[in-house]
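After this come two complexes, each holding subunit A, first together with subunit B and then together with subunit C.
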Partner chain A sequence: MQAIFAIIAALIVVSAIGAISFRNLVHCALSLVVTFCGVAALYLQLGAPFAGWVQVLVYVGAVAILIVFAILLTRSDENKPEPIFGNNWKAGGVIGLLLFSVMVYAITRDGLDSTPLPAKPELTVREIGVDLMTQYVIPLETMALLLTTAAIGAVIIAIRLCNPESSADSDTHAKAAGSVEATH
Partner chain B sequence: MPRPPVRLKPLIETKMIPLSYYLILAALIFCVGMAGALMRRNLILTLVGIELMLNAANLNFIAFWRYNPSAASHAGIMFVIFSIAIAAAEASVGLALVISIYRHYKTINLDKIDSLKG
Partner chain C sequence: MDTLIHIFSGIVTLLWRVVTDQPDQKAELLQALPQAISPLVNVILSISPILMIFPGLFALTTWLERKGLGRIQNRLGPNRTGPFGLFQPVADGLKMLTKEDIIPRNADQVIHFLAPITLVIPTFLGFAVLPMGRHLVPLNMDAGLLFFFAMGASTELSIFMAGWGSRNKYSLVGAMRAISQMISYEIPLIISSVTVVMLTGSLSLVNIVAHQSGWLGGIIPRWNVLTPWGFAGFVLFLIASLAEANRSPFDIPEAESELIAGHLTEYSGFKYALFFLAEYLGLFAMAGLSTTLFLGGWNAPFEFLDFVPSYIWFFSKLVGLVLLFIWIRGTVPRLRVDQLLNFAWKFMLPMALINLVVAAIWHYTSVWVFPASLILRWLFCAALILIPYFALGKFISNAGHFAPRTYRYAE
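Right, the complex of A and B next:
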C-alpha cells in the first residue's frame, strides 16, 4: 500500500514539475496528462472510483485536449533561445517555497495522524446519482447553467468577428433578409 | 473465559498511509502549480498551473472524505465532482481568452501583455 502510494506520489511530483518547466509546450501538456492520471490513481486508491474516472474523462479527455489545441492555435516563441521564465520569476519561486513550508508546518503540527482510518466506505454510482437528484439538485442545475454559459461565452470570446469573409456573408444575409422583407 | 487480544490490528493500521502524507503531497502539487503560474512567461502555462492547483484542492477533498469517521456523508465526493465541472468551464473560457489575446497582441508572452488599453 505504502509502496504504491510512494510510486504514484513520485510520479505526480516529477510530472507536475515537468509540466511547468519544459521548454517545449507540447511536452508540458503531455507531462500534465501524466499528473492528471496519477491524481486519478490516488482517487482510486482512496476508494473513490467514480471521482477517479470522472477525473480521467474530464481532465485527460477534455482539458488536456483543450490545452493542446490552444498551443496549436497560438504560435509560441518558446523555441527561441530566450529565457522561459518571466521577469520576476525569483519572487514567484520564493512565494511558492514559503507557502509550501507554511503548509507543511501547519499539517505536521496538528495531530492529524492519530485518528484511525475508518472502514472503506462503499459509495456506488447509484447512490451518487440519487444524491445528485435529491439533496444536490439545486447545485446540479446551477452547474448546468454555468456550463452552458461558459460554452456560449467561450465561443463568443474566441470567435473572429471582423474578417472579410464573414462580413461578406453577413452582407448576403442582410440582402436576403431585405429581399424577404420586400416580398412581405 | 476472555478471548486473547487480537495482535493483527495494529499491524494492519501501521501499513495504512497517514492522512498527512496526502495533505503534504497536495500542498506540494499546489505550490508547484502556483510557482509555475507565477514564474513562466507563457500564458498557457499559467492556466496549466491553475489546473494543478485545482487538482491539489480536489485531492485534499477526497483524502478528508476518506478519513472522515462519519461514513454517511458524501459531501467530499460531491464537492469534487462539482469542482471538476467548474474546472472544465474555467479551462474553456480561459483558453478562449488566450486565443483572443493572441489574435489581438500576436503574442502570449506575459511580459509583453501589460497594457489594459486595447
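Right, the complex of A and C next:
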C-alpha cells in the first residue's frame, strides 16, 4: 500500500510541477490532466471509487476540455514559447509559501500521526445518493441553480441578437464554447 | 509436474464451465496457485477474453460492414481473399503492420505518439463492467455505469491530442468538431441512461440486467425497451451513441471530402489502425451498453428459449445493433455541422429531459392496481412522450433551418 501511494504521489507532484513549468501551454494543460488522473487514483486507493470516477468524468472529461478550448480559442501564436515565470511570480511565491505553511501548521498541530484512524466506512453509491437527496439537498439545488444561471448567462453573451455581419466572430465562438462547457 | 497438470485441467474445466454457462471455479483454481502469482493469473484470466474477443469481433465487423455497404450500393464488396473475402481483415491488418509509420516533421512527437495509446486504453477499460453473460462479469462495480461514462469521457482528450499534435489545420479543425460533437451528445446520452438508473435504483450494470429478467406471462420480457420511457430512452441513446462513436450520419469529424479525415490525417500505418480499432471498440461498447440498459442484457427474449447460453443472447443483441449501425451508415446522408449541433441541443436534450420526467411518472404510477392498469399506464406515458415529440419536431422544422445556408467566411 505504501509503495502504491508513493508511486501515485510522485506522479501527482511531478505532473503538477510539469503543469507550471512547460513552455507550451497545451503541454501544461495535458500535464495537469495527468495530475487529475493521479488524484483520481488516490481516491481509488483510499477506497472511494465514486469520488474517483467522478473525478475522472468531471475533470478529465470536462474541465480539461474546457481548459484546452480556452487555450486554443484565445491564443493565436502558439509557436512563440512562453516564459516560465510570469510578471508577478514573486507575489505568487509568497502567497504559495504562506498557504503551504498554514497547511503544514494545521496538519502538524492536530497530530494526525498519533490519532488512530477511524474505521473505513463502507459507502455505497446508494447511500451517497440518499444523502445528496435528503441531508445535502439544499446545497445541491443551489449549485444546480448557479450552474444553470451561468449556462444561460453564457448563452446570452454568446447569442447574436443583431445582424450577423457586425459582430466579432472569434469572440462569439469563444463564448459559445464556454457555454457548452458550462452546461456540461 | 503435478501442479502443472492440475493447473492445466483447472483451466480446461474453467473454459468448459464458461462455455456451458455455469458458475466457474476461478477462486478454487487461484487457491491452488502459489501466493505470488495468483493475483497476476486472476487479472490475466479476466482481461484476456476481452482482449481476444472484441478485436476479433472488430475484424469480423469490418468485413461485414464492407459486404453490407457493398450490397446496399449494388456492388460486391471484398471477394478476393479467402472464401467470400473473409480473410480480407487479415490482409488489411498485415498491410497496416508493414506500412511505413510517417510522423510529420513539425508534429509534436510525444503527443502525436501518445494519442492513439491513450485512446485505445480507456476504450478497452469500458468493457470491464459489461455483464456479458449470467456468470460472465469481468468486474461487478457498484458504480459501473459511472465508470463506463468516465472512460468514455476521457477519450475526448485523446482526439484533441491527435488533432493538436499533428500540427495540421485539418486535423485541428476535425478534432475540435469531434470534441464539440462528443460533448453535445454526451449530455442526452447520459440523461437517457439515467432513466434506467432511476427505475432500477442502482448504478451497477449487473443489477440493471437482473432487474430486467423474467417474463410477463412467459412471453413478454420485462426489458426496459418495452416501456414508453425505455423505448424513447433507447432511441435517444442509440442516436447519441452513433454520434459518440463518430459513426455516419454523424461522421463529420472525419468527413473525407471536406476535412480529409480530420484528426486522422497525419496518421498512417499501425497508429491509424489503432484509431480505427478504438472507433469500432467504442461502437461495440456503446452497443453492449445499450443492450445492457434497454434490451435486457443477457436475458432470453422468451422463457422457452432460456436454455440457450446467456452470452449467446448478449452477443447476438450486440451484433444485431452493429448491423443496424451498418444499415444506417449505408442509407442516411451525413449531417451538416450546424444541423448536428442544433439537433443535439434543441431536440435531443429537451426530449431526454422530458423522458426523465416520464420515467418518474411511470415509477409513481406503479401503485395503480385496477383492471387494465398496466395498459392505461402505458398509454398515458406514451402520450406524454409522443405529444412533445411531435410539437418539438414541428417547432424545429418550422424554425426556418432549411433555408439555404449563409456562409460566413466563404463568398
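In this text, the second predicted complex is superposed on the first by the 136 of 184 C-alpha atoms of A that agree within 3 Å, B and C clash if a C-alpha of one lies under 4 Å from a C-alpha of the other, contacts with A are read in each partner's own complex, and residues count from 1 in each chain.
Quick note on the criterion: a contact is a pair of C-beta atoms (placed from the backbone, for glycine too) under 8 Å apart; a residue touches a chain by one contact, two chains touch by 3 or more.
These figures come from a predicted structure and were not determined experimentally.
> Once the shared chain is lined up, is A:3 touching subunit B (first), subunit C (second), both, or neither of them?
Neither partner.
> Go through the superposed model and pick first if A:126 touches only subunit B, second if only subunit C, both, or neither.
In the superposition, A:126 contacts subunit C only.
> First (subunit B), second (subunit C), both or neither: which does A:150 touch?
Only subunit B is touched by A:150; subunit C is not.
> When both complexes are superposed, which of subunit B and subunit C contacts more residues belonging to subunit A?
B
> Report for A:65: first if it touches subunit B alone, second if subunit C alone, otherwise both or neither.
It touches subunit C, and subunit B stays clear.
> With both complexes superposed on chain A, which partner does A:33 reach: first (subunit B), second (subunit C), both or neither?
Touch partner of A:33: subunit C, not subunit B.
> Please indicate which partner A:49 is in contact with in the superposed arrangement: first for subunit B, second for subunit C, both, or neither.
A:49 contacts subunit C only, not subunit B.
> Considering only touches as defined above, state whether A:138 meets subunit B (first), subunit C (second), both or neither.
A:138 sits against neither subunit B nor subunit C.
> Just which bits of subunit A does subunit B share with subunit C as contact spots?
Shared contact residues on subunit A (touching subunit B in one complex, subunit C in the other): 50, 54, 62, 69.
> Using the touch definition up top, name the residues of subunit A that touch subunit C in the complex.
Checking each residue of subunit A against subunit C gives 26-27, 30, 33, 49-50, 53-54, 56-57, 60-62, 64-65, 68-69, 72, 124-126, 164, 169, 177, 180-181, 183-184.
> Considering the complex alone, what residue numbers of subunit A touch subunit B?
Touch residues, subunit A against subunit B: 1-2, 5, 9, 12-13, 16-17, 19-21, 25, 28-29, 32, 35-36, 39, 42-43, 46-48, 50-51, 54-55, 58-59, 62-63, 66-67, 69-71, 73-74, 76-78, 83-89, 91-93, 95-97, 99-100, 103-104, 107-108, 112-113, 115-119, 121, 123, 127-128, 131-132, 136, 139, 143, 146-147, 149-151, 153-155, 157-158, 160.
> Which part of subunit C faces subunit A closely enough to touch in the complex?
Against subunit A, subunit C makes touches at 111, 141-143, 146-147, 149-154, 156-157, 160-161, 164, 172, 176, 179-180, 183-184, 186-187, 201-203, 406, 408.
> Over in the complex, which subunit B residues touch subunit A? Could you list them?
For this pair, the touching residues of subunit B are 13, 15-25, 27-42, 44-45, 47-49, 51-52, 55, 58-59, 62-63, 65-69, 71, 74, 77-78, 80-82, 84-93, 95-100, 102-103, 107-111.
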